[in-house]
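What follows is a pair of complexes built around subunit A, which joins subunit B in one and subunit C in the other.
And then the complex of A and B:
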């Protein structure tokens, strides 16, 4: 991996860009564009969750949408039942994290191999999809919140200022909050990866046997990483539900899971900036292709994905970093290379 | 064997189906001792090594490390008691630089500043300082072997287990490894599994010879090398 973007300067650059987007976009973009951008951000948070557990924990999860959907539903149910958003947001993170911890316990402590881990996570997402799909009717409710089956849950109360349920956030405020949360998740993961925990996690990805021989228990590290990824995906689900005021079983769908994987693959695995970029680019393309009627949108997306997988298999961010590294003298890179684990 | 044993295996057997790879072995290692395990292919020395490191669990018998029963302990639990293990095929973190390989080892029980100091010390000791910032995956086989030995040393264990440390090394590298092992032995106990007799001659004091899952002879190196039964085993004759 190229050391560019990895040092403190790279981190500062990414955050500065984030702050500029947060300030500039509301000035140049209309309300419609801003609302569009907000869902891109929710997807970027989701991509980060998989980018972290897959790229740094080496955990192949084909069903990251399970945690996304759980977060969305946890928020919707809690917001309806509690009449305020503070607990709902916390639960949207805690419920998927706890569910991921439980699932992870059986997978990691049961010594499930990587391929089966993919199958199991995918299956779990499909099960949740089917379960939520079959909750039509007023007999399926949690407190006052009806689950709504395949119709989903409409009119979910939006996030409000803490302690004042009547002060719902405006679209602009919600956009800014989403950007702040995205930058917070990015920063948190950077710090985590630079910590002892993160460095051991990456070492386990590299060679589990060696990590064990050094006295680390890989199961524990993977479990914690998986739970953190679940919590972040849940936060994304919370943002998504807030964005539309709506959550339905399609959040658990295979298409949703596949999309997350594509975000990460396109942006660049083993980086944090890559999944963010991948999510924004794909979402933007989907919006763009959706507004024209000459070609089928999925066909265009398919061609683009195929092109990237064939031509830029390592992902966009690592490819750009490698190009930049060529023009920047090697001497400068030597100092940064000791930070190999803290990726963009 | 005098004094309290650092490592004590009593009546240890390992069966795979109908094959008994290790057959009621009694083995004892004193604090600070350097012991070589030798034997022809299939003698059970590698299986015995895996039993000691928790990669396999014995079918019968007990293994104790400083009085702790580690018979069914997991590999990481044995490592935490102060056992450093170098495997036959180098197990290193290929995608990380040399320095990070050692750092991950040192950081388990040390604060970052102390861990960095240990890493620098081990890098210097193994003459790896020049390649400290290179990815381990691109290094030559002998260098990777040393990175693994470095990771084991950075862990600061009391007992070091080395499985064929000289395998695939050049003549010069073998000589350096032998010197390193003698140097390590000034402060730590070691068990070295090896079948390169040349190498054994360079390092060994006390040697345990395995054959057909049992201990054939256990004696100092001169006696072992002069022993007719050992010669027969190595020349492929049926052991007496």
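And then the complex of A and C:
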């Protein structure tokens, strides 16, 4: 892959673009557009979580929606029970991360192959979907929060300033917060990948046996990466729940998992910018298809997924980067993510 | 005593449903090492074929036993030629492509027929186990499941086609050197697996809610059964169905169907952890 998006200059460029969007979008877009942009950002965070574990950890997770949904439910339950959002946000990250660590221990230390890992993660998401679907009725509650079964949990308290439940954020403030969190997650992952941990993780993706022979324990590194990915997906679930004030079992659905994979595949495996772009593009496309009734959104998503697997398996951002690299000669290669991406 | 009989009947029926929904997938996975994530939608297509042709005036039994397998078999042939054959040897890419296919099929059926379709009701009525009623149609689906297992086993064991298929599965280059075209065998195997899935969809149509998204209800169970069964197609999916079906029905009897399904899936995950190669990866290794 070209170093265009990976070097320090590329990083500065991405963050600058993020800051510009944060400042400019509220000025040019109305409230409706801003609220819609906020859900795009939540999805971009979700895409980053899978982009990280799949693209850099080589972990095939077909059920990333499990952590997304857990984050959303953890936030909703905690926000209702504690009456404020501070603990709720922390729990929305900690619960999915802990769950991912548990599941990851089971899978990585069981040395389950890629394909089975896909099927197991998918099955876990289906289990959670079934369980949450069956919790209708007032006997299913955690504290004061009724789980609501198929109908989900409505009127979840919005996020507020830490320690002051009455100071809920306005849509504009929530948009800015979401953008800041997206940039923070992106920066955090960049730093992580540039660290020793990140380099070992990529080494394991490239050749697990070799990394093991060099004395690294692939199981441990994958486990930590998987837990981090789970936490980020949980954060995204928290943002999503805040956005609509609502969470339902659909968050765990297979369609949701498929969408996350499409985000990453479209944007490009082995990049961090790609999944963000992929999420925004697909979400925008789904919004467009929602306004017409000739074709079902699933039909279009299916065609996109099929087309990309068959024709552009490396994704859009790497494909464009490769084209640009031919025009702009590469001066230096740097960064943990500049290794070539092998097809998983 | 009658209650015990009823529970036993439910267990056998639960096992039969698992066999029905997983045998087509087992053929495709066992022979070609391809995980077809559109499997649930193949079932859905089979159910639609039965419902639509019955509503168009075709006899229900003809729809189930002939129309559904042919329609889905031909569709499978098309899918293999247009998509799968470009992806042999790339397991993850096949999973992703068939996932795309699954979304495409859900979207396509929704676009064509809407989100609901007028179903067909289960024929044959009921019979009595002591004071309890049990559906005679379940007996039919148990018979079909048994026939499918027996049929696949006989084809693999006794026919020339079965011999060639097994040889191709074991060693494709050697089979090719002996004059077999592996690509043709893969194509036929995929179509056969799809046809079996279509038949299963047809059998399920009168008892399941037929809708574009119905495949999602079966997919996890089908996978877990095939993977739990391991390499041997018939023995593996038969044994795994028996194990998981029993767990499902016993827990369902004690609690609710949802908890039963959850117990099934959890048991399966634990089993994969203990036996990563499936039941037949450890026991009955030389079976089919």
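Everything that follows uses one rule, which is that the second predicted complex is superposed on the first by the 310 of 344 C-alpha atoms of A that agree within 3 Å, B and C clash if a C-alpha of one lies under 4 Å from a C-alpha of the other, contacts with A are read in each partner's own complex, and residues count from 1 in each chain.
By our rule, a contact is a pair of C-beta atoms (placed from the backbone, for glycine too) under 8 Å apart; a residue touches a chain by one contact, two chains touch by 3 or more.
Owing to the predicted nature of the structure, the values given are computational and were not obtained by experimental measurement.
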Quiz prompt | Touched partner set for A:200, first subunit B, second subunit C, both or neither | solution = first
Quiz item: Is it subunit B or subunit C that touches the larger share of residues in subunit A?
Solution: C
Quiz item: Regarding the shared-chain residue A:213, is it in contact with subunit B (first), subunit C (second), both, or neither?
Solution: first
Self-check item: Contacts of A:323 with subunit B and subunit C, given as first, second, both or neither
Solution: neither
Practice problem: For A:265, select first, second, both or neither according to whether it touches subunit B, subunit C, the two together, or no partner. | Solution: second
Practice problem: Answer with first, second, both or neither: which of subunit B and subunit C does A:170 touch in the superposed model? | Solution: neither
Exercise. Using the superposition described at the top, list the residues of subunit A that contact subunit B and also contact subunit C.
Key: none
Exercise. Would you mind writing out the residues of subunit C in touch with subunit A in their complex?
Key: 35, 83, 86-87, 90-93, 95-97, 99-108, 110-111, 216, 219-220, 223-224, 227, 256, 258-259, 261-262, 265-266, 268-269, 272-273, 276
Quiz item: Of all residues in subunit A, which touch subunit C in the complex?
Solution: 60, 62, 106, 110-116, 118-120, 122-124, 126-127, 130-131, 133-134, 253-255, 258, 261, 265, 294-307, 309-310, 313, 343-344
Self-check item: Residues of subunit A defined as touching subunit B within the complex
Solution: 196, 199-200, 202-203, 205-207, 209-218, 334, 337-338, 340-341
Quiz prompt | Of all residues in subunit B, those that touch subunit A in their complex | solution = 53, 74-76, 79-80, 84-85, 87, 91-97, 99-101, 103-105, 107-108, 112, 133, 135, 148, 151, 155
